[in-house]
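Here's a structure for you.
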Amino acid sequence: MRILLTGFDPFGGETINPAYEAVQMVSDSAGGADIVKLEVPTVFRKGAAMVIEKLREINPDAVLSVGQAGGRAGITVEFVGINYIEARHPDNEGQAPDGEIIAADGEDAYFATLPAREIAEHINAHGIPASVSYSAGTYVCNDVLYSVLHYARHHAPALKAGFIHVPFAPEQVVGKREGLPSMHIGDIAKALEYAIEVIVCCGDGR
Amino acid sequence: MRILLTGFDPFGGETINPAYEAVQMVSDSAGGADIVKLEVPTVFRKGAAMVIEKLREINPDAVLSVGQAGGRAGITVEFVGINYIEARHPDNEGQAPDGEIIAADGEDAYFATLPAREIAEHINAHGIPASVSYSAGTYVCNDVLYSVLHYARHHAPALKAGFIHVPFAPEQVVGKREGLPSMHIGDIAKALEYAIEVIVCCGDGR
Amino acid sequence: MRILLTGFDPFGGETINPAYEAVQMVSDSAGGADIVKLEVPTVFRKGAAMVIEKLREINPDAVLSVGQAGGRAGITVEFVGINYIEARHPDNEGQAPDGEIIAADGEDAYFATLPAREIAEHINAHGIPASVSYSAGTYVCNDVLYSVLHYARHHAPALKAGFIHVPFAPEQVVGKREGLPSMHIGDIAKALEYAIEVIVCCGDGR
Amino acid sequence: MRILLTGFDPFGGETINPAYEAVQMVSDSAGGADIVKLEVPTVFRKGAAMVIEKLREINPDAVLSVGQAGGRAGITVEFVGINYIEARHPDNEGQAPDGEIIAADGEDAYFATLPAREIAEHINAHGIPASVSYSAGTYVCNDVLYSVLHYARHHAPALKAGFIHVPFAPEQVVGKREGLPSMHIGDIAKALEYAIEVIVCCGDGR
């Protein structure tokens, strides 16, 4: 089984992105699968296009994208991507869409086709806090999730696709406002490996 | 230099206490000091008495007590202990003081004599979120902090004393309400070692 | 212009639902419209069916449903309803769907057709905190939102539909865990009237 | 019975201070007492000096100071003032003490002499969320609380003194980060009147 595992580059003034830091730590054979990793620029449209290009190239069985959701305390497995982007802060190329549809021919939203609940429960079972999230926001993360699901719907019906948001790393919250949660990057990487175990064993679960 | 490092046992239905878990991971020669460790029962009066007994026995240069503050996101270094205990949930022997003075002959509060701000800043400098806290609560943690400071004031003026609260471990927040922060126990242990470095180098700072 | 304004009855052990309390306080001619009010049971399927029955009966220009989102600090205007219900706590008739599709023939989600952003901005302009939310959850609130949007898509294309979540009332957070936000019910009612002003003036905005 | 009720002027870039807004709304004969109101500048040392000057002038039975604690969700009744000031943001005259003792001859802290718990419980009983706080921070609020308690200890032993922190008003959180709680100013004013009822009836309770 081949799985594309993507992580974004740093954005919003951060020097690291815990998503890609953790992706790099995941074993290339996690869950017994062939894990192909890709760093994705935090740029509207371009990030999604790069993931889809890679999907066309390597034709994996599943794609799991990983992004930073600063402020969340646990791993969150996204349930749905919506056909809408809006940014309060510009992306890494200075774009800040002010409420745009992603795909003119797309439905309002698509559910992720990786089993969000099973993934969250499996991560929890290993002592790392995780839950299902019903909003991936309206930033580049949602852009990638929706765009990939839209691509799969029309061009790769067997492809399973999903998205995981991860908290800030501890070093990122130092100096920010008090009370911001964080997660050890090693634990984030483990959570991704547990997610991959679910994808390998039961990605068709839903 | 000899430092007494104490951690509480689990309470409130938890099966671990990240405070003592982390204390156990601290090197016995952290900061070049002679670290003596003590597990303390989460019991009003008795916990404090046990720490003070150990202080009399080994006569250390400093004592750092460590407790769990579930719900806090970072390491918090306590600035002050108050002469008051009140519990919403019973301690490990079923006591729940309903607003009591700890020491009839004590002042309303004592400032910790370990340098809280320097400790927090040194932990931060190593990428682990930490801040000074101005309330150690009214539970057994505050009981130990105040009681030790009261003892030092009257019987061991050279002794430096302080308290560090630590977040839940990740496994503790699984299944609790969403959004509860946690911290990797290995990172908590590192934070304690950084605190010890400050105690060794500059415990007289304030 | 006729607007159906719905609010849920109390659930989850609460004795009031601030949503319906506020709905009752809204002027029957808010925004110059003809406001028809409906109390809706917090019951999966049945709540949605009752709203749709009322829509068929009075054939309004717009429908705004209002529900309680305990724990949120401000008014949140929902952007999207999803074709999925899942409950951790039973509804008022003891049902707790464990992950069900609402409409077998429906798309994964529908965007609200009332202008969420304009409504939030207009409420903010009057000094009451409001924002757009991209998840109405998976409880009865989302059931009503999605079901109404599904109905409108197929049977009432001119009907504008949306949903507003409101915080707990102050009296509801007394005795709950510390730090839970709340909002004065009179302010919630004002926010609903500001929302109605937007619906009347510019409900076709999107 | 005469009660001095003080509230701070706006600070930190705010155009209102909900503390003084609410103080102004309190009845001059709340609880049957003679309520004397004073607006206090948010300035280290000067604010405290002005309150103490007024205490000398009118010689009240009790003094209740009220300040804004942005970010807190409910009314918090302070239990203790500490002999320490430290500011991250300058006060209204540009001072930002970097860790100073307030009174060289003072104890580390003094407990408020108004009954914090009874006040919080009485406010709760009227449906407004309130709790006891064990830290008044290290800003001008704590400066006033500690300074007044220090003055009372040495010069006015019969004077009862305490402090209440109040949340942001709703209009203050508009445009700030999402999730910040707020409270209707009319409800804050009511809470102050309930506090005064406790002071009148049972201010000697502790």
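Brief remarks on what is shown
As written, the chains take the letters A, B, C and D, and residue 1 is the first residue of each chain.
In this section, contacts are C-beta pairs under 8 Å (C-beta built on N, C-alpha and C of every residue); 3 or more make two chains touch, one makes a residue touch a chain.
Small disclaimer: the values here were computed from a predicted structure and weren't measured.
With contact taken as defined at the outset, there is no chain that touches subunit A as well as subunit C.
Each chain gets a centre from the mean of its Cα atoms; for subunit C and subunit D, those two points are 38 Å apart. Centre-to-centre separation of subunit B and subunit C, using mean CA positions: 47 Å. Computed centre separation for the pair subunit B/subunit D is 30 angstrom, with centres defined by C-alpha atoms.
Multi-chain contact residues of subunit D, defined as those touching 2 or more other chains: none present. Taken as a graph of touching chains, this assembly forms a single closed ring in which every chain touches exactly two others. In this structure, the chains touch in the following pairs: A-B, A-C, B-D, C-D. Contacts from subunit A toward subunit B in the complex involve residues 72-74, 124, 127-131, 170-171, 173-175, 178-184, 186-187. Across the complex, subunit B is touched by residues 79-80, 82-84, 99, 107-111, 117, 133-135, 137-138 of subunit D.
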